[in-house]
């Protein structure tokens, strides 16, 4: 799964724009989370099944570079891929473009960690380790 | 507690405005929830203590009339009061004004119900029944 | 267009759930807005084209009854229709179900009004009046 | 102003928690924006006055490390300071703690750029350059 490209599409909602008519920067973290959840689903893993095992993936680090504004009604194409994974962490990289344009709107990286319901660090669930070929 | 006036103040955040430069209508439900949580706190009850008993107050009905727009940096004065309560439900009424103006920006009503972690209807917690003089 | 059924589908995002594991009540106003924007788009009208004419549709009234909780990963089916329209106002009604279930999760009504960039009431744009058969 | 400490306090709202009972990671960008807006206000500059000149501060980069979860009802103390400024950019650093605890919940950095209503890069407004001692 590592490195494989996956494109998730999101249409900007009216409520996600701010008074400049562009998507508020805080909204992209939500889009990125949706993209990596859909990447997982495309591999046959529903995120809520991960949670049913009492494991949660939490964002430990987030780095975002905002290149160009996105607007109401734009369709965003989010290229989301796993760059690296270990027993306790998954790194993703993201590139966002407005559909039909070549210019990059946003680049981002996240590092996810796995915790239990009390917030204590845990090994990733087996279903994820297998998917990520961590051995 | 029923009928008593309580004013909660909120300063509009940049992220809460939309492309018209005004607070997006979906945001007010968040302000109203904050206002009734603070009303409770002003009576010595922390909402998370209610939850520790395994009870949750959920919104069963919400009715809002939007009269005038609010803007970035406005301080909102939310008049929040209990209008009615029973063993299983609490009704609140809200009037929102921009500080320093007399005109009403928004009027709202909510009906809250009490449920357990599985979402089953429950009697309100004792601490609330006492506060609300439900006997 | 009045009365015609239209179903818009939304998948619940992780960020839209609250500490009870269910969609926070304030989020539904965002889903409803997306549904009526997509209803319009299904008729060939992009909402941002309405705005390009300097007209904005604002929510004047919102009434919601929350029947059952929705959860992470649920696909919501939002039945959204115009119930009534005049030169200055459009009313919508909404029924939300979790896909694959018959039970209603939420019922809602909105009344939209049309304003200019200064917030002054205006007649609806021609493109909408034609669509709505207001004559 | 550069380097000077400023503490902004925020109480976590119910709607800001997610199904783990902790603040969703996307919310912190909103808190940080509020903190730097209040830092500005503490110096006598209302952010909306900056905007009235047709200038907007946009986030060009955001870097966040999430150390510990924050919960419903927690009061967050956000230490927000300017680390660096030029004619076209302002850098801030942030440290967030839950009030009454010494442990860091979150560390972040932002780089802001100045644009006009069309999104074109601009020099920072005079009022900010003076405040930041950029000469």
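For clarity, chains are labelled A, B, C and D in written order, and residue numbers in each chain start from 1.
Following the convention adopted for this analysis, contacts are C-beta pairs under 8 Å (C-beta built on N, C-alpha and C of every residue); 3 or more make two chains touch, one makes a residue touch a chain.
Just so it is clear, the model here is predicted, and its values are computed rather than measured.
Colleague: Relative to chain A, which chain has the most distant C-alpha mean position?
Modeller: B
Colleague: So which one's got more C-beta contacts, A-B or A-C?
Modeller: Result: the pair with more contacts is A-C.
Colleague: Whole-Å distance, chain A centre to chain B centre, using C-alpha means?
Modeller: Once rounded, the distance between the two centres reads 33 Å.
Colleague: I'd like the Å distance between the centres of chain A and chain C, where a centre is the mean of that chain's Cα atoms.
Modeller: 27
Colleague: Please set out, as single numbers or ranges, the residues of chain D touching at least two other chains.
Modeller: 14-15, 19-20, 22, 26, 29-30, 33, 51, 72
Colleague: Give the list of chain A residues in touch with chain B in this complex.
Modeller: Against chain B, the touching part of chain A is residues 14-15, 17-22, 24, 26, 72.
Colleague: What part of chain C is in contact with chain A in the complex they form?
Modeller: For this pair, the touching residues of chain C are 13-15, 29-30, 33-34, 37, 46-48, 51, 71-73.
Colleague: Touching residues of chain A toward chain D in the complex: what are they?
Modeller: Contacts found on chain A: 19-20, 22, 25-27, 29-30, 33, 51, 56, 58-66, 68-69, 117, 119.
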